[in-house]
Amino acid sequence: MISRLRVLQITEAPRAGDAASRRFGIFILALIAANVLAVILGSVPELEARWEAEFRAFEVFSVAVFSVEYLARVWSCVEDPRYRGAVRGRLRYMLRPLALIDLLAIAPFFVPAAALDLRFLRAMRLFRLVRLLKAGRYVTALGLFRQVIRQKREELVLSLALMAVLLIVSSSVMYIAENGRQPDEFSSIPASMWWAVATLTTVGYGDVIPETPSGRLAAGLISIVGIGLFALPTAILGAGFVEAVQARREPAACPHCGGQLH
Amino acid sequence: MISRLRVLQITEAPRAGDAASRRFGIFILALIAANVLAVILGSVPELEARWEAEFRAFEVFSVAVFSVEYLARVWSCVEDPRYRGAVRGRLRYMLRPLALIDLLAIAPFFVPAAALDLRFLRAMRLFRLVRLLKAGRYVTALGLFRQVIRQKREELVLSLALMAVLLIVSSSVMYIAENGRQPDEFSSIPASMWWAVATLTTVGYGDVIPETPSGRLAAGLISIVGIGLFALPTAILGAGFVEAVQARREPAACPHCGGQLH
Amino acid sequence: MISRLRVLQITEAPRAGDAASRRFGIFILALIAANVLAVILGSVPELEARWEAEFRAFEVFSVAVFSVEYLARVWSCVEDPRYRGAVRGRLRYMLRPLALIDLLAIAPFFVPAAALDLRFLRAMRLFRLVRLLKAGRYVTALGLFRQVIRQKREELVLSLALMAVLLIVSSSVMYIAENGRQPDEFSSIPASMWWAVATLTTVGYGDVIPETPSGRLAAGLISIVGIGLFALPTAILGAGFVEAVQARREPAACPHCGGQLH
Amino acid sequence: MISRLRVLQITEAPRAGDAASRRFGIFILALIAANVLAVILGSVPELEARWEAEFRAFEVFSVAVFSVEYLARVWSCVEDPRYRGAVRGRLRYMLRPLALIDLLAIAPFFVPAAALDLRFLRAMRLFRLVRLLKAGRYVTALGLFRQVIRQKREELVLSLALMAVLLIVSSSVMYIAENGRQPDEFSSIPASMWWAVATLTTVGYGDVIPETPSGRLAAGLISIVGIGLFALPTAILGAGFVEAVQARREPAACPHCGGQLH
């Protein structure tokens, strides 16, 4: 018989040397990947029609595994000093973000399909992509990403604010310049924002394009100024990434006393 | 009765510990944001038709608040040693850029609508976006942006000059290559610039496209050289941003010996 | 008579001072470049029709040279201490990636054309582009590229994983938002990925575009977040390149005291 | 009477304190800018038709000034020790790139128009843009740009080589995948390169788009890999720019002896 403490250790993120826990983690990660693939492939009508039974069976199997995993976590969590207490400890554990994600990943399955209209049913199916978030538990590298965003918070917020201002101003300018000529495409400032986003991100679909000379002149100036501004977050994040990984690899030393920094 | 000095302190950018001033600043910023939102939503014909009275009422309220704010600033500015003098001091204050923005943010409201034709009236409404600039008073981070631009002035000016030369040269080349085949799209060098801007910024709407083999060859070479050049300002600004924020955080001190790092 | 050892030296990547080996390398590189050019030009129907005999003759000449080169390498490789042994040594040599590429570069020529249908025949012709890989033997700078990718492996893998997640999530969101309105363009999640790739890379062909308000709102948010994420690998690689080249040039020495810098 | 040495000093790039030379330089630069503007505006048929006489007069005036400038340079160059010798020295001077540009900037004016057909005549007019190059003499910042390119030569050449390989490979792949479905757009590898350039630079006009599933899959992978590679030169140039300007501002010091580096 496997002890409750052992269940906790296995279902937790694996520690060095714990082979059972590592194998369990790899199995769950593989199942998550297979689920994401199933959702993607299941959205193709031909595949869904042809392999309906198989998709269904795999879904039942996945929900069964994830349910057992969830129950095992809730059952064993009281071995963790932070969640002592058969009822209150378990409730506290169940309200943690990671535990809520575990619940969200299985809950939709238990909603009776009869209660849902067709369109909503489809959204429900895609909702299974939430299972992707379960993988966050195992991806330690996400910490690096979070750290970079926290470190560059100031620059990112300022960039985003400037981007918002540029978006509003350029939409308004194009609305004034083009509304008379193209009342449908530039019917309002929010409508003009569709053009502005496509241009400032340099996606440039080409479905909405200024036609008046003043509109084109404004669009040209906005493009040149805008692409610089909209690419700033990338430049900032890129630099942050490189710095963060370097800081991890090379513990810097103080030039005065030789003590380790960071 | 609130003293004139206190009015000056409250309407100025808040200093640490002055709760009334901080609350006043937050209120003005929120009102500016609501105004920008109102201008954006008010440009949607359906919303404007349905909530006309509410938009109007909010505009009257906003102008009233901003007018009181403006008068309070002009009234109290003489407490500032720089603007001594009931008439000349106030005039000097009113000619400062920030005070002129405050005036511009309310002035259009007092222009009689009868004097304006419809198209101009709409532009007038959007002119209320000038109120965005009032927010500049409170956003200290803008100083960082100004500093980066000043620090990288040299590189930015050179990049912009090279971009201008590339824009002129590539427009001319495409004008020669494509004018014979597409006399409307590439009718002149300024007309070809519309293609050049869309290509060099990589927006690529696709409304104007070279069709001759020589035009396509030239367009290919221009794209490859051009995107590098047009993305330079971003690379320069991004590096400047990262440097500037690092310079503000530091000088760091060694936790072991207290010696200054960097 | 030229010795087997000398053949090995000449066919190997040239060492300083070995003029014959250098001349041989340049000749092979030039022949590779001419072959690539021939494949490209030979794909133009008019050129292929007009110069068919010449293209054929050049192909025969190239295969002859590359075959002689391959046989010379296999014959002389036993002089290399690593490949001692007339049969087993030569077999071990022939299984090295570079030797396999050498074989692949000539093998298709010896497949009887009668055994192939037309479409496959054309692919076979383009397969000659594999000869490009032969150039890798001489391009030492490729080592730099490999080194940068190895050094930035961690950041690149994390970026790619985040890009994959964003690609899946944004395709799914657009599938839900647009499938009702455009059932052909957004027929499934894999189909929506075509839109997602075109948007997130900012290519923006404009053949598939969201039309519903919710789809456009989602597309706008996805673009703004996405371009930053999709441009991360470039920022990381660029930084890695600059670092790697600097690290090769240094360690520099102070011109005054001779002390090592950096 | 102004001496030949003084003419040399004035027409050379201005030195600190030489007001006449500085004024001459500014005048020439302004005239160049006006010429570029005239070429651009003169390409607009309506403007050309309306102001034909004025454009012609300005051209005559410009050529007169540039001719006098050229003759003054050739006349006075013998005062420069490098160009001693009335005939051979002047010839050596006239063959310098900058002197050739000066000649090219005026020479087309003296070609009899009767000898040219209309299309060539127009190209001739745009040829006046060569006058832009005359400005290079005065723009010292171009040295910075040249220095960056020289310093990052190695990385740039490697990037360009990888870009060329990717361009060839992706054009070939798309040619195989799409030629059967779209024989006009993907008629050959060179024709497919038009798609490849538009995609890899992320311009994405949208005039040539893969339609087969395998073509779209290949296009997606090519986009994701390609944009990183094609943006590398920008990242490298951007980093080089920042380094070069910093190196100019901050003469680094050796940490061992304190001697000045760079």
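Here the chain labels run A, B, C and D in written order, and each chain numbers its own residues starting at 1.
Just so we're on the same page, a residue touches a chain if its C-beta (ideal position, glycine included) is under 8 Å from a C-beta of that chain, and two chains touch if they have at least 3 such contacts.
All values reported here derive from a predicted model rather than from experimental measurement.
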| item | value |
| --- | --- |
| Label of the chain whose CA centroid is most distant from the centroid of subunit D | A |
| Between the pairs B-C and A-B, the one where more C-beta pairs touch | A-B |
| Interface residue overlap between copies subunit C and subunit D, same or different (over half shared) | different |
| Inter-chain centre distance, subunit B versus subunit C - centres from mean C-alpha coordinates, in Å | 44 |
| Between subunit A and subunit B, centroid-to-centroid distance (C-alpha), Å | 31 |
| Subunit D residues counted as touching two or more neighbouring chains | 198, 202-206, 231, 234-235, 238-239 |
| Topology of the chain contact graph, where touching chains are joined (line, ring, star, complete, other) | complete |
| Of all residues in subunit B, those that touch subunit C in their complex | 202-206 |
| Parts of subunit C lying in touch with subunit A, wherever the complex brings them together | 152, 154-155, 157-159, 161-162, 165, 168-169, 171-172, 175-176, 179-180, 187-191, 198-199, 202-206, 209, 216, 219-220, 223-224, 227-228, 231-232, 234-236, 238-240 |
| Residues of subunit C that touch subunit D when the two form their complex | 36, 39-41, 43-45, 119, 122-123, 126, 129, 132, 139, 141-142, 144-145, 163, 193-194, 197-198, 201-207, 230-231, 233-235, 237-239, 241-242, 245, 254-257, 259, 261 |
